[in-house]
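Heads up, the next two complexes both have chain A, just with different partners, chain B and then chain C.
Take a look at the complex of A and B:
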């Protein structure tokens, strides 16, 4: 472990000092070895891991890599393992950690790029294709004509499942995923549940069975509920997986 | 050298880029989208409140149509927009939303019968028609005559982006993420593609295509306080500028949103006020009706932002360690409404500020302050989306100055523009790609690749000891303090001079890590260089524009001046060694307008220097209308200002109760 003496700001306000330990490894460099690096910094009011990491990057270590985009909990880019739990870094406040010690690791199950940066895009696109995450219909829509009516409650129910941001946290928190590389995870099963209740989609349960009716799909889930416990959007993942399993068993 | 060939190349994977990619795939073109981030993480996802389209389904939208949406958009733009483009847009927007509904966007739907809403701070009951049951709902937004903003709670951009991205995947659009376009390949005024950098391996790749579209979003991050995602650095716009040929339009036209939360700058949607939320000062007083008796909190964003700062300057702001702010109160909407329709707003406020906005009274008030939100300026394009200065280079969405928004965009018109431009411009682009063959060759391609390789090596060789992050921070502070909501000649002069000094310091930086791959400091070094060029365009444009229009407000020239300034600022970076953009102007022709300049109906009265041509054009229009006799509104429109649009999109839109009228 390297301890890099960071330039600690003068602590006028009496704020506490926190220590952030980050996993460092560059997958692009064949000679590189993984290591931890610890940064000390002054915790400012309301500090999130986004603010802390940007501070470290811009003032202490310009070489540190991580993935932030919206920094508002909307885009799902910044998932990482924070003191052992997968979380969105932008929504995690440093004050949550009483002893001021925070250890950050990259999100497991995805291809590692460098430090806290991982490749989620290619996996999620492949999953979306595998789950055929689009409306299947024979109906041809005339876009100049009045749209097809949808019951307000049904639209709301679809929206609730549509809120998934593909952050990958459900996969990082999933024991099945660790054992089965091709498991589609709660993100994939929720996606199918979403389309199965969408009145625009004409697919039958038999057709959904083709997508998820095996151990890489809905029958792989061991109901350990890691996905639902950690989902930053509070999606009802276990209920929906159970719902899909009941449906698929009947096929 | 690595070259990837395709028919249609799209840079940027947000709503505009992906919808354009769909248009290209539908024509059978080989289509590649390159994006800095996984496409579903694009900033389109952050659009909260909704998409404007004149469906007129709700009882509060009755009587709405293309004409009303057009009029709202033109007034919102403070007559800076291109009225042809506004017509193309309003005619296509209802089709865009219906297409998205068919692709599965779970738009909030109308339930027939009575429902309780908050209007002007009071509870009211409205009764929705039987015939509208199950149709797409809409909420109120600023600067609109009707409730026109369709939504999925406050995650509208997310739902739209996912539907469009999944449709693109269905059509086998090839997506290459973690790739950043850093230069445009061009020869003889024709675009041949881009040089992109693989952000993982650092490898330079030439993407060569028959046609290239930039859909890379805005440049909000040149400001210290912005609601924008951290990727919104305007890199696509900057590489267009760096061709020396491509022109940018109205870079000084920057929107400040009234209600980002303090201090993080994360947006709280206009839907908060649209649904009935109000602004309060340090005394808990609802002050907007004092300034804007008619539209109150729902005047256009430029007006509300100015009124807020004006009120704070009178000493009515709430003091905080982050400076003075005001309050946004949505507690009056009730917990049930908030948890259903303003879900993310509640989540943001709880997570980042520890405030539950559904808590009654003062406890639930959220601290807000106007901050940078949207870039009206961008790559100047013709109504078909092509740069007038470079063949085969198209642009759509926020990166473009199409010019739908003029000097102020209406809330709900951004995601709407993104998909609508993706449809219209996407199709013109696809046609271009189908009909055009490559004229570039490997000699030229290699020249552009090597130029970028040498440029990156040059940056790594600088050794002046300056930290690039310090330059960036200074730039963002200058923009924040001197090119903000209120502007004046002295501050703008200082800003331009200081930015130029900073620009000259760029060769004195030191990048500590000398690696060409996986080097986030090197990324920052070339990005800040590009951002500074855009900052200079914005500041210089603002300094030269001695009038106030939309979001551009000059304390020393507080009137809108249609006699001298009814024109677009055009910026180019003529010579690579220049340290300042070259500005010129493009006249906006009143004599062709459907709606000649007048008072917007909100904002300060008597603050316009009208152009006499306005009255003349009004008379002309009156004569045209008189000569037509009694004909329908479409014939009137066509006679006053005919506009081109694809047949499919120009068709009449059907509405509840009125059919195709």
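Take a look at the complex of A and C:
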């Protein structure tokens, strides 16, 4: 239960009360039934959903499960569905919600663990292997020699796509992925685009076609742009998927 | 593809050379090509049939032009049959290709709808318009195209109006108009995004521009189509006592 004296004290300072409704379900427990639980708490200045959840967990409900690591929008662990939109809890302020009502759901399309916690890691790992996410080259690296220069524009383009934090939001915002389980999603297509523009990688378009040249890959994308519009890192997913599609139809 | 090749693909998911099939790429491209062709066709078709807004004579002249006048004396409706046949074939082929993307089970449909209601995302909702109007057109588009193929001579200011008003085709045309305008323009917007046609230097801004342009065109085309349908209705209403009689051009009187 909320500490009433603390609440009154804070309310005196003019802070509003917010209601956070959380999807509660333990998929490991056969007797468990999915339900929604609402927590009332006092909003503090600059409060993020991450802070609010920590407050709920530490003062009200120690049984609530959710994931986080970095608290700075880098690790991609705290993604969840916030009032219908997949977002990073650590980058979302409670003040964004004018009516003070926030509903939190776990990300769809991933294996549900408990409450807001899902398993994105195993899926991302499998995707990385499936997309062969490493530099393919026959060149033997001589670590004593100076590296070959890369054009700054090209390096920048690769770094830009490398900013993906594998949070899973592009998949949770994708209706194609919601329907077609095997679809590799924007995260996978972005990964292939990243290696296809990297001059260190010697793979040809024919070889990339073997990775994404089907309806689980780039031809499964229906351009619904959920990924583009929800990516917390603002990756250029729309243009990079179109880029891979144009490349792959020419193979 | 030979029997042996398709058997290898059945067993391994790949062709005899151990390579993935190129068919998915071809299907994706063909869906876009046939869709673009049909969308361009329909934008002109609606403009042409709106010629009734300029009067019966304007519509008559345009109809006769499509029947081959002045090269063929009196016009040849079979030209319309041939054109309708080409469009119908393209229409069926496009429907066949686009069907691949439909939700194909209760599970997929349930997941899509529940997800889109949660997400409230504009482009995701546009796709629902796309598949709904596409489904509607399987039937309504077929009725219209079959009629144009088999009765190509019955196009004209009075013939068309009689069909719309007295033959009770107006509810079908009303629904078809809404479906085809939405489907075509939303389809063109999605092609722009899908292939990155107008990405330019600022793809995000250009996407917003494309969407605004498409929404404006939808309104314009719906108004145009509804206005011409209303005019055909009015002509049909006034002409109901002379049902079946044909329009005689002012130049012939």
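Observations
One rule holds in what follows: the second predicted complex is superposed on the first by the 241 of 251 C-alpha atoms of A that agree within 3 Å, B and C clash if a C-alpha of one lies under 4 Å from a C-alpha of the other, contacts with A are read in each partner's own complex, and residues count from 1 in each chain.
Note that in this section contacts are C-beta pairs under 8 Å (C-beta built on N, C-alpha and C of every residue); 3 or more make two chains touch, one makes a residue touch a chain.
Because the structure is a prediction, the values reported are computed rather than measured.
When the two complexes are overlaid on chain A, chain B and chain C sit side by side with no clash.
Looking at the shared chain after the overlay, A:143 reaches chain B, while chain C stays out of its contact range.
In the superposition on chain A, contact is made by A:69 with chain B only, not with chain C. Within the superposed three-chain model, A:223 lies in touch with chain C and out of touch with chain B [touch as defined at top]. When chain A is checked against chain B and against chain C, the one touching more of its residues turns out to be B. Contacts of A:113 after superposition on the shared chain: chain B is touched, whereas chain C is not. Contacts of A:152 after superposition on the shared chain: chain B is touched, whereas chain C is not. Remark: least CA distance from chain B to chain C after fitting both complexes onto chain A is 16 Å.
Across the interface of their complex, chain C is touched by residues 81, 84-85, 105, 108, 173, 175, 178-180, 206, 209-210, 213-215, 219, 221-226, 229-230, 236, 238-239, 242-243, 245-246, 248-249, 251 of chain A. Across the complex, chain A meets chain B through its residues 26, 28-29, 45-46, 48, 57-59, 62-65, 67-77, 91, 93, 113-114, 119-122, 124-125, 128-129, 132-135, 137, 139, 141, 143-152, 155-156, 158-159, 162-163, 165-166, 195, 198, 200-201.
The part of chain C that touches chain A in the complex is made up of residues 19-22, 24-25, 27-29, 100-101, 103, 108, 111-112, 115-116, 118-121, 123-124, 127, 190, 193-196, 199, 203-204, 207. Interface of chain B with chain A (complex): residues 37-43, 45-46, 55, 94-99, 101-104, 106-111, 133-137, 152-153, 155, 158-159, 162-163, 165-167, 169-170, 175, 177-178, 200-202, 229-231, 263-264, 266-267, 321, 340, 344, 347-348, 351-353, 469, 473, 511-513, 517-521, 524, 651-656.
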